Structure formats: C-alpha cells, structure tokens
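Data first, discussion second: the structure below is written as structure tokens.
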C-alpha cells in the first residue's frame, strides 16, 4: 500500500512550520484522478494539496538543483536514488536536502492503465490501491486490475521499493523485487540478432522529435550545456526527423547515464512518441553492474562510476 | 519567389581594429548588381553568414549615402564572431537583408537631432550621424553623445576627430573609466547628458547601446524634460530569421526584427513593455 | 456545390489517381506511433485513427528542412537555395489540424514577407479532411473555434456514414482532386445527407461534454498570469519541447549550419520558446532566464499575441499538449480563470 | 539531405570500384600505439590502407562520443590503441579508457553494431608487428562484415 497522503501532509506541515525546511517538493492531484503533478509547498497551507499515491510517478529529484536553503523532497525509492547520485556529483549539499522517504510498490503508467479500461478516461472517478490490485472507480462501479499490469514496467523490477538513502521513512519497508537482477525486461533485446537490434532501434529512433523531454525529466541530466547543443564539434545533427542525428542523441544520452540512472522511468514516461528508453538504460545498468559491481544511488558513501576505473580497479582488467 | 533566407556572397575588403576585441569589416558584394536592391537605411541590420558557423544580426554602420560599401563593426563574443575575427581581407561571407525599420530620420528633419550611442551600439548611431551630417542643413542641429568603457574602447576614434574638426555636429564623448591620456569627460553617459544639458526643445533623441545603458538613459532623458515620443531606442535580441517568422525576438506582440529594431518609447509604453 | 458520395470500396481508386499526380500524405502507423507520412507504394492509410500523435504541420513545415547549401570552390563560395516543394495531397486530416494550418499560414506570411519554404509547399497542397466519428479524449476543438464538420482551409471534407463518405467540395483545388476519379463519385442521396448530418450532430454532442471556456482569450491570459495557480505551473515546467513540437500552431524554429569538408547546408528545425537557450545571446545575456518568462511567452503568444497579430487563436483544441510530463494543461487553467475587466 | 561521408582517401589510393575498402578509424595514443604504428611504417611492415589514424595524447582522452560519431559519420570500424596497463605516460589514462570502453562495447551491442567493428588494443611503442597484425585482421573482418550504414 503506498497511499501516504495523510502522513506526507502532516510531516510536510511540521517541517515548514518548524522552519526546518523552506520548501517541500511533492506531488498534488493532476487534471485527472489517475494523474499527479509536481507540487511545491513553501508555506504550511500549501501542504494541504500534497498527495502520495499510486499516481505519483514523476521523479522529483529533477527540481533539486544547487538549493541555497534546505528543501525537503517526498522521495520514493527512485527519487531517493537520484538524489544520492546528484548529491555525489555536486548538484546539492547533502545538508540542504531532507530526503523524506516513502515506501512504494510501483506507480501508474497512464497508457497501460487506460488501455485496460473499456470506457472513456473522462469517466474515471477515482483510482486507489488495495492489496496487490489497483481499483478504478468507473461509470459501472469498481474495476479491479492486478497492479503489475498497470504500473510502469520499470517498477515491476524495482530494487528500491524502500528508499536506500533517506533521512526518514513514511510507510512500512517493502522488499525489493527479486527479478531485478535477472533483467527479464531485456529478454526481447537479448533474443534479437545484432541486425535485429539495429533494425529495432532504427524504427524507434526514427520517431524521435528531439523534444528532449527525456533529458529534461531526468535528474541525472543536469549539464549546463548538453552535448547535443554543442557546435564544436556538432556531435548530433540538430533537429528531429534526421535519423543520424536522432541516433547520435539517443546513443549519447544512454552513454552519459550509464551507471547514473536510477530506473525511475521518467524518460520513457515523458517520451511523446513512446520510445522504450528504459531498455537502453537497463541494458547499460546491467553492463555497469556486471563489469563494476556498481548501482547508482544505492548507498550514501558510494563513489561515482568513473571513480571505479582507477588503477586499484582490478575487476575490469580484461577489457570489460 | 524572392528567398529572404538566401544570402548574397560578400567579400571582405578591409578590416580595421577598433579596440580590444572589436573590428570593423568593410564588405562588398561579389556580384555588384546586388547593390541595386540592397540599400540599407540607417538603423537597419543585416544577417551575416559565416558559413559553417551560422548567422548573426549586426547593425549597419555605413550611412545611406555611402553606397557600394557595407561596414559592420563586430565585437568578438561567440562562435561566429570568433571565426569572423580570424578572417582576412579577400575571405568570403554571406549577407542577407537589410532588415528592420531603421531610424525615423525623415521625421527628425528640422529638429535638434540628438544621437546617443554606447559600446557596441555605435554602428547604427554612426550610420544615422553620417547620414544626417550629409544633409546637415535639414536639421536645426545634430549632436552625438557617446559613452565608451575606456579611452581604448572608443570606436571610430579617428573618425570622431574628423567629425569634431568639421563641426557639422556637436560631438560629446565620455568614458566610464578615464586615464592620464584622456582629457575629456569621465563618467557614464547619463552624466554626460546631464553635464552637457541636453535640451528637449524641438529635439528628438535616438539611442542604441547595451540593454543596461538604455535602462539608465531613458529615466535620465525623462528627468531632462524629454517626452516619451522624443525618446527613440534601437533594441537587440537573439535573432535567427530576421523576418518575423522564427518567433524568438518578440517584445510583446511585436517582433524586434520585423516591427523594430527601432521603437519609440511611448509606443513601448502602450505595449506595457518595461526596458 | 452539391454534396457527393464515395463508397469506401472505391477509395483505393481515388487514392491511386491522386498518387499518380501528387505526393499523398496520410495517417500511417510507424512503430506504434501514428503520423502523417508520404504513402509509399503499397502503403494503405489507416483512417480509423483518433488523431495522429505528431501533428499534420510536419508535412508542410517539417521537423528539419534544408534551406540552403554551399560549397567552397576554386572560384569562391557557391550558395544555392533548396526547393523540395512538390504537388502534395494531404488525405484524412482532422479538422483541428486543418484549422491549425490557418494559423501557420498567417504567421509565415506576416508583415508581407512570405516564407518561401512554407508558401511554395502550401500553395501546391490539396487538403482532404476527414471528420472525426468520435472526439479524442481531452480534445476541445469547438471551444477553440474549430468548425468540426467543415473546417476552414480544407479543399474537400469527407464525412463517414458507414459504408461510404459524404463528400463536400470546398474549393477548385478540391474539385480538381475529385475530378481525377469522377467515376468513383456519385451524387449524395437525401438519406446520405441526413446520415452525414446526424454523424456531425453526435460528434458535436460528444464534443460538448469536453468543452471548456476560452472566451476573451487575451483577458484570460493576463488574469491567469497573475493568479496563484500560475506559480505552481511555471515552477514545475521542465522546459522541454513536447508542447511546442506536438502543437499544430507552433511555428518557432532554429537555423543552424551543418558543415563538412568543403561545403555544408543550412537547416532549420523545430525550436521551442520553453527551451533554456531559446533567447540566450552570445556573451550570456538571456532575456528569458527562467521557466516563468518562457512559459509566459507561450501563454501570451497563443492567447494574446496570436489573436492580436493574426486574428486567430493560437490553439485548435487538439489536446496533444496534454502529453506534458508534469501535467501542465494551459487551456484548462485558462478556462478556470474568472475573467475580470481587461487589466 | 546530402549524405556526408568521411572524406575519401586521395585519388591514387582509391580502391578499384570492384573491391570495396572499409574505412577503419583509429584513435592511437601518442606515447605507445602511435609510436608502434610509426615503428610498423618505418620497418616497412605493410598494413591495410583502410586505416585513418587520429593521434590522441592518451587513450584516456578518447571520449565515447568520438566513437559513436565515427560510426555516425560513416566509419566501418573503430580501433582505440593505448599503452599496456601500468605503462601509461599519465599513469591512469588507460584505466579510465578501459572502463569507458567496456561501456562503449555494451552500448554498441545494444545498438546492434557488430562486435568486430570496435576494438580496444594495448599496443606499446615497440610492438609494430602487433599493430600490423591488429590492423590487417580488423580490416579483413570489416571486409567480411561489409559497409556500416546508418540509414
């Protein structure tokens, strides 16, 4: 059960009233019962709009960028992993971020949910979690759906259902999903031949319109000037619709997130043309995990991946 | 169909140093016939192509009567200007335009024309000044107020000497920071306007310079008694197309490239624009 | 012009004749995404779609297009313009997207200076619109001034009445397109016209349930930008390009050079006012440094500057900008603002 | 859109139309593998002319984007040469390269680029023969794989 709305509101109000933090970053109800939106509370009254339930999928760490005063983030597992990663990389002082952890059993994927309903989305009255099911209140009463059928695919193999790094925890700890280490989601790609994979990604990358929602929704993408906006050299041809430029962008992005991605799915969730970006991220997570025994943001003292290449790093002595 | 995106090839005739990181480029079109339909008016700008680096907008410094020559004075600040500053006479660039509305010199005839320029804003001011001086009897008076950062940052220093000698116009120059070689006025341009008692009587002011300068010059002019319609400014913004299509240089509902870059301050007020 | 009728079974004939004369663009599915693409031989349009994921504007204003090419030759620089316009037929466009072309057309002809790349294509294009059987979740065309049964700017309008389409010809170009396969058309009988009208009425009734209030857009925009809700909206904006690139009326673009040894090309590609570097000048000055200024520009351009300069709203109610990853729905926010006297 | 290929070799080295020659881009570290290549050349050890060498101060200088850009610009294969572990002139450059290239190998595999199109080799300044062997073997493999085309 990951509905922590009341607990989250209470704690946020306390934090703001005590002045311990100047801002609480959380979620509020979106334009529909199955949608949420990031919400910023800087006064106790603004905490009344806070919610935390199965619809709160977007990664809030993206709003933590060199804060000058202490902010609290209502962080589910992947948010907390992202916060740990970007704090390691100098994007915030650890003391300036209060990680208000919340246990989580997976967040909604709007597309998957709506495809399961046989009535227009407008008629959804409410969405709630009960046990291992998501219950949608429709025009003809409740529709009970297995949670794993309607949450983001990356949530079904989540390692951080209880935040690994947090100052406090709201809700009971939830064990990680065991299949996380077998990478079941990569079975499709593994089964393909090299030519098959090349063709798969050609069709996917061809759709890319270069809106950069995947970059801007990702907490680990905080470079002041992204390589794709550079001119000397012009790494990627600018503009969507040019396959070679799209290829450079998507491959370059996956390279830069290797060992820094917390598998929150915000990139895939944001993509307007539904490119399965998590496949690339998870493929690289598997590569970095096997080669360097490294998982982004899983502990407070963890070094960055690049630091692991040093002389003492024996594991990768044979070429990776 | 005329293609406003297609640049004409121009050859660099001469390059003059105007100060630290600032050079004047004299350009001439490789195909001479282009001059027939390319007559920039003072205050207009062109899009300069440095092929491989892209394009950027620059105010035209040449006066209306200086035909057959296009002078641009350009500060090195970015990619394109860096490549440009590495070029030599004989190299080829692209020019398209001229764009924008230009200074309302016609309406200023018969009045005291006050030109106010600062730093990199001098090219359009020079264009207005030399064009007005070429018809100086049509104006009650012409004066220039020019503020530069330091004596070595003074653009068109040699020409300024000639303008002073010709006394076709009253030339006032100031520097933010003086040194022992500098005999003239020291202080920001607003102090120059006050010290020289710029008078609003039958006058019109035309100002071009960095945004920070315009921000301070306007209240000074108001304090000196100039009404909003006597304050004409030339503004700048990030530009790509130069013809009001790419959508980025707008100020309220108007595009600086298409409806500007020259605006009267009272028009800006009615649009609710604060500078 | 009286109404005609064409059986769905005769559609391939008409399409075949059109394809002989022009490049036909129609909705097709590509790797899970429906978009307007040029029909390759053997491609069949998928006409039972809600609306394409990426907008119709792609056909006339591509995501990336080459403006000029240049070469460095011993005789000096050679520069040429590129013209890839060709006779085009857009087949099966939804009324809101067709109405979006009107805003683009006026924007690309603003101030008497015509954008040749747009104008050449637009003047060689015949638009055959297909009325929606049902609204797409979240669309609100009528609230944005879209004529859902006979959109302005369409040359031919098809209305689905089961086994056939009722055909309304709205221009000579439309008549010419119909004449290419005149044997496939018959004049519409009385019951066909009734069926078409009823289809239109059910559509408008369903759309009425999704309607929102966008009256007096200029006053609404100003009032919204002072409302408390605005603070939360711009704070969560991620400055990505989804709302601009998916929008049928957004026309902002970037121009940049792509060069290789000895020559190169100058392209233009979609750009968005929400981008952090959209107004960033060399030397670092940025007129719109935060999402507040940038999103203000989006609201004002669509709901104030657009109507003021082009006479039409910068929104056609297609609902695509609801793909926003952080659930920003400007139109819904604007409809909730109570409009005071224009401030 | 004009397809931009990596610039062709000068005319006289141009292969006859029948026998296509691959383009093998090599980033060679200045202190070891470039010196090894020099040695191979100086000692008249023939190696395939499909190679295009870019000298880098250290294999640690090779940015993964440089490898993807090579493939995007039309290279058929990419070779990165560096000093043996422990010999690096900058002591740890090749370790950094090794770590990054492990990720590049993984991502190239994900993107479906044949494994033989990318190699990382430690070649010291005295191993001209090894440089020759690597280049000849790799260009042979590239001939079998055929041109790499991002379309």
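Per-chain residue numbering starts at 1, and chain names A, B, C and D are given in the order in which the chains are listed.
Assume a contact is a pair of C-beta atoms (placed from the backbone, for glycine too) under 8 Å apart; a residue touches a chain by one contact, two chains touch by 3 or more.
Just so you know, these numbers come straight off a predicted model, no measurement behind them.
Looking at A-B and B-C, the interface holding more C-beta pairs in contact is that of B-C.
Using CA-based centroids throughout, the chain positioned farthest away from chain D is B. Centroids built from CA atoms put chain D at 52 Å from chain B. One finds 46 Å separating the Cα centroids of chain C and chain D. For the pair chain B and chain C, the distance between C-alpha centroids works out to 39 Å.
In chain C, the residues touching two or more other chains are 254, 256, 258, 268.
The set of chain D residues touching two or more other chains comprises 1.
In chain A, the positions touching at least two other chains are 231, 242. Residues of chain A that touch chain D in their complex: 189, 192-202, 227, 233, 235, 242-244, 247-248, 251-252, 254-255, 258-259, 279-280, 283-284, 286-288, 291-292, 305-306, 308-311, 313, 316-317, 319-320. Listed in rising order, the residues of chain A touching chain C in the complex are 28, 30-31, 35-40, 58, 62-63, 114, 120-122, 203-204, 206-207, 209-213, 215-217, 229, 231, 234, 237-242, 245, 266, 269-270, 272-274.
On the side of chain B, the complex with chain C involves touching residues 1-7, 9, 30, 49, 51-56, 77-81, 92, 94, 211, 236-238, 240-241, 243-250, 252-253, 255, 258-259.
Within the complex formed with chain A, the chain B residues making contact are 53-54, 79. Residue ranges of chain A in contact with chain B, taken from their complex: 231-232.
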